[in-house]
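Input: structures, listed below.
Each of the two complexes below includes subunit A, the first together with subunit B, the second together with subunit C.
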Partner chain A sequence: MAGYILRKLLTLPFVILSVSLMIFVAVRLLPGDPARLIAGPEASSVAVGQIHKQLGLDRPLAVQYGVFLARAASGDLGTSIESRRPVTEELADHASFTIMLGLAAYVLAVGIGVPGGILAAAAPGGRWDQIFSGITTLSVSVANFWAGLMAMELFAVQLRWLPLMGAGSPSHIVLPAVTLALMPIGLIGKMTRASMIDILGQDYIRTARAKGLGSFAIYARHALRNALSPIVTIIGLNLGSVIGGAVVTECVFSWPGLGRLLVDAVRFRDYPVIQGVALVAVVAVVLANLLAEVAIAMLDPRMRRA
Partner chain B sequence: MDRRAVCLSIVRSLTLGAAAGLRPERARADPRRPPRTLAVMQTEGPRSMDPADHTATLTATILDPMYEGLVRQTPFAGTAPLLATHWTASADGRTWTFALRDGVRFHDGSSLNAAAVVASFQRLINPSAALAATGKFIPVIASVDAVNDRQVQFRLKKPYADFLTLLGANQASVVSPRAIESGALSRRASGTGPFEFVAWRSDDSVVQRRNRRYWGAPAAVETLTWTWSSEPSVLYMALRTGDADIAAPLSPVFASRAATNPSLRLIHQNGTAFFWIALNTRLAPFDDARVRQALNYATNRPALVAGLLRGFGQPATAPLASTTPYVHPDLDHVRFDPVYARRLLAQSGQARGLRIAIAVQEADEPLAEALQAMWLDVGVDLEIRRLEGGVYASAAFAPASVKDAEGLGGVLSSWSSGIVPDLQLRPLFSSASAAPAGANLGFFRDRLVDQLLDAAAGAADPGDRDRLYAMVQRRIVDAAPAVLLYTRDDLVGVRRGVSGVSVRPGGELIVSTATKA
Partner chain C sequence: MVIWLIRHRSLSLGGALVGGLILMSLLAPVLAGGSPLAQDLYHPFQGVSPMHPFGTDEFGRDIATRVIYGARYSLIEAAASVAISCSLGTLMGLVSGAAGGLVDQAVMWVMDILFAFPGVVLALLIVSLLGPGLFNMLLAISLFSVPVFARLARNLSTALRKAEFVEAAVAMGASFPRIVLTHILPNAARPILVQCSVSAGSVILMAASLSFLGLGVQPPAPEWGAMMSDGRNYVGAYVLPSLFPGLSITLAALGFNLLGEGIRGLFDRR
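== the complex of A and B ==
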């Protein structure tokens, strides 16, 4: 097992290196000139050229990438073009908020999706199954920003139960976390239901029933453990879409996380910040997938040999 | 704004609108926020804490309570002393001497003297400083020197009648020399204003507290907090919950709601945000003035204002905003006359209609779509090239060769000059500022316009200036390098109980004088 994890970890630097090149190129392929955006419409072309030089944007791309890599290796991701602060500082300031929001959304998604899906699978076609199908279908279909705005209008403006926006107190996280959790609740719920129905129809479950096992033992020990593999996979794979959702959710709720930082950075073509946020997101997704693989390997011994 | 915003506005009118009427607004006292805190919300955050390194109105609003210039521009009342108590100009208008106020200290404790003023302005006229606002000052100021510890002298490159107005701009604020040296000014403000800097958390908030050592009348509120959201509905919701005491700029949809909401008040005044389409005067058939005039006559400006701005705007009547001094409305030539437009097109050999492609920012797409329908009536087929902000900026400032190659006939754009006619007409219409050097995005070149602009900018006598500006506006309307559209009003939502808030022409909000019941 340790060897398996180690092998996976060893590939990590190569994944990150190749992704860093892709991000670097993609960011520079974005049309639009950061110097013009910084200088504003009233600036002369001389001033724009000056800023180009100051930012090192007048150098060849390969040189810029080399400088970026050399600095990144020593933990320096450059300086934000817009705020003129080190990118690592910007990331550190915002990352904790996104991690908090993402964790809260995940806890909600797993806490609602998995039990809800199991209950739905217990009696397919039953009343709860129908209600749960409705909820999950709606939650994967509704756009994040729309749900967020509706939640704000209802719970913050009309009912005054929760704060509207910002990140001042624990109650501030409720609305954005629920909004962000909608999509994964639906996906995890649907996957749990499908996977459980599949397993519950297998022969060994019938055998377990026939030998008189109680339904808790059947569900918890026999069915769920086998049904978990695809569920864990979807939880791991979902991190990418949760990060994507966080971008929108953070903007709607003025939540000072990486998503809001990224949107502003794209608006001003703040290359170093875009690269920094994208890199953090990639590392998070790669690590989450690795964690999911490890978890599956622990659940299912057959996977360890793969 | 993008498609998202468009669908949102439909959803809003269907749902939020109905919901908004359900229940009277109640203010919720926020336990975390002490009283005497004033919360202001805008649509974007600050670009910098250094007044010399931005040209954005919404950044100027945030910096205004912390910084002061030599003089102050009071709304509609001209120039008043601020850090300078009095000043004199030489007979030729090229040398200006300012006497500084005594007993003024920067927030970092250092005192205001001539050296500080000189240091502040030398950055603004140093082309290698790479600061965003240098473009405004380099063409005007030749040098700035200390006469003695309490007096500063400016030498101008040419007589410039709007010099005092320029000095009243946020970018001309005097900053602490110690802060310049530290290099931290872009993140930590240090001026002489009635509020001092506390914190700037990027993508979250700016906090300012009352300056206890302020030389003038102390501010009435203890703390100012600034937040921002690009989502127009969030601004309005924040006003209703009390998360914001002041929110600006409101979109027309929410401004009309704020006007009828009993717990809110709408500040509504003519603005200077001027919208126009720069026509590519080098690209056929738009190199023919008659075609450009025809597009102007085909434009129903009052309908645009009524439909898109819900009436919160002024149809263009000249190449200047209605609030700018020396504006000369030309109702004879800036009017809607589709019949005449068709005749002009026929005269220029375009009787069978023509096609024009224009670059449009996402937020202005509805305006372009309205024009598309209007112009179709006279046989003009408008192709909208909708571009994301950064892409748009590159396309708009592209040189003629690029625009010609891409067949770009025009750029829909907006400009806010404040109250200096020269800061609008020169960047937009003088041949020296043809893109990419400046914002003359259609490469308009007219020797008479150039000469009149120089003469008007240097004329000291208001009567002469008025005459010269009348001539140049007439000439621009005649040559029609642009389709003039409208100016948007300044719309500010304020909670009841908050007073003392005003808006400078140009849209800059003044909140340092505000009180809160």
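== the complex of A and C ==
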């Protein structure tokens, strides 16, 4: 088991290196000159040239990337052009909000999707299965920013049950978390149902039934455990779409997380911040997939050999 | 016929929604009264009435007219982006699966890196690089769906490469392009078709999200996401300018998702 995790961990630096190179090259191709942005429109070209030197933008791209990597390794991702603060500080300020929102959405998605999918798989074609497949199809099709705005209109404006936007109190998280959970509820629910139906049709489940086991023992101990690996995979893979959803959701609800930081940075062409947020997002996705693979290997010894 | 439609609910409902979307785009000038850009500054924020079935927006533009014309944008976005990502991804996946070895590993390595980017973040990066607009947004969205098709096609292709009829073709000296095009592609077509429909749904959502964030199609164009980026400023006072465009986005995405599920159901039954 330790060997398996170690082997997986060894591939991590390569993935992160290649991703950081891609982000670095993409951001450097941005139209517009960051030095000009910092100096302001009235600055002389000499002043712009000096800032170029200061930032190291006059050096070859390969050297710039080397410097970027060396600094990133020591925890320095540059300075925001907009706020003039270190990018790592900006990231740290906003990350906790996105993590909170993401966790809340995941708890909702797993809490609704997994039990709902198991119940649907218990009687395929039954009434609950039909209702649940309607819910899941709808929840992967709904435009989440629209659902968020409509929920805001209904629960915050009309009924006044919940706060409109921002992040002051615990009740502020309810609407954004539900909005963000919509897509993963559908995906996790569908995957749980499909995986459980697949397992419940197997011979050893019939054996368990025949020897008189109660349905709780069959579902919890025999079926769910074997159905779990595709479910865990989809939960890990989902992080990418949850991060994407968080970008939109945070903008709708003025939630001060990384997504809003990114959208604002794109508007101001604040390239060190864009670079930083993209890097954090990709590393998070890579880590989540790794975590999912390790979890599956722990659940299912057969997967360790792959 | 009726029984068949009820039995294939996903297929018929999805087909109806997608068909409606296509009809709306084709017949927009007939269905809508006037121009989607026509302003009437004396009558902003009108409620629902026979003259304005969906009300009017902050410039007094008829929301129903704008929603009808907006169908064109969604359809173009879905069609263009799926055409690009499906052809590119399928080609790469089929060749990489059929060739195997180093080619396979290199192509999948690139795809894995692309796949690690959360879709919206990748699209934001590309749009910030190229500037906002319909064309750049389509490019960004297409790029993010390429790995989905590449992985699917590759898995189908690696499985088919070991099939007896493909091995027979190889033994008879068929060329590599011939094997990929006439032996592997037709047998991989069905799952790829299903993926196309499902992808069209997520493309519509993604394009609307980017336009909503102000990075895709720009107002005053009657694109549904762009309409909502204007309309969201009035939520709380006037909900109609956000309600109907968003509902249309959702129904369009639902249509393609149901159609994909329906087609898959047809194939699975055999």
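Convention: the second predicted complex is superposed on the first by the 274 of 306 C-alpha atoms of A that agree within 3 Å, B and C clash if a C-alpha of one lies under 4 Å from a C-alpha of the other, contacts with A are read in each partner's own complex, and residues count from 1 in each chain.
The definition used in the following text is that a residue touches a chain if its C-beta (ideal position, glycine included) is under 8 Å from a C-beta of that chain, and two chains touch if they have at least 3 such contacts.
Just so you know, these numbers come straight off a predicted model, no measurement behind them.
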Partner chain(s) touched by A:V140 [first = subunit B, second = subunit C, both, neither]: second
Which of subunit B and subunit C A:E90 touches, first, second, both or neither: first
Touching partner for A:V247 - first (subunit B), second (subunit C), both, neither: second
Touching partner for A:M150 - first (subunit B), second (subunit C), both, neither: both
Partner chain(s) touched by A:L162 [first = subunit B, second = subunit C, both, neither]: neither
A:A194 touches, of subunit B and subunit C: first, second, both or neither? neither
Touched partner set for A:L299, first subunit B, second subunit C, both or neither: neither
First (subunit B), second (subunit C), both or neither touched by A:I218: neither
Which superposed partner A:L261 touches (first subunit B, second subunit C, both, neither): first
Touching both subunit B and subunit C, residues of subunit A: 30-31, 145-146, 149-150, 152-153, 157, 164, 251-252, 266-267, 269
Subunit B partner contacts - residues on subunit A that touch it in the complex: 30-34, 36-48, 50-51, 54, 82-85, 90, 93-94, 145-146, 149-150, 152-154, 156-158, 160, 163-169, 251-252, 254, 256-257, 260-261, 264, 266-269
Parts of subunit A lying in touch with subunit C, wherever the complex brings them together: 15, 18-19, 22-23, 26-27, 29-31, 137-138, 140-147, 149-150, 152-153, 157, 164, 239-241, 243-245, 247-248, 251-252, 262-263, 266-267, 269, 274, 277-278, 281-282, 285-286, 289
Subunit B to subunit A touching residues, read off their complex: 4, 8, 11, 15-16, 19-20, 22-23, 26, 28, 32, 45, 47, 54-56, 127-128, 130, 132-136, 138, 186-187, 201-205, 227-231, 233-234, 237-238, 240-241, 243, 388-391, 393-394, 397, 415, 427, 436-439
Subunit C residues within the subunit A interface of the complex: 10, 112-113, 115-121, 124-129, 131, 201, 205, 208-209, 212-215, 228, 232, 235-236, 239, 242-243, 245-247, 249-250, 253-254, 257-258, 261
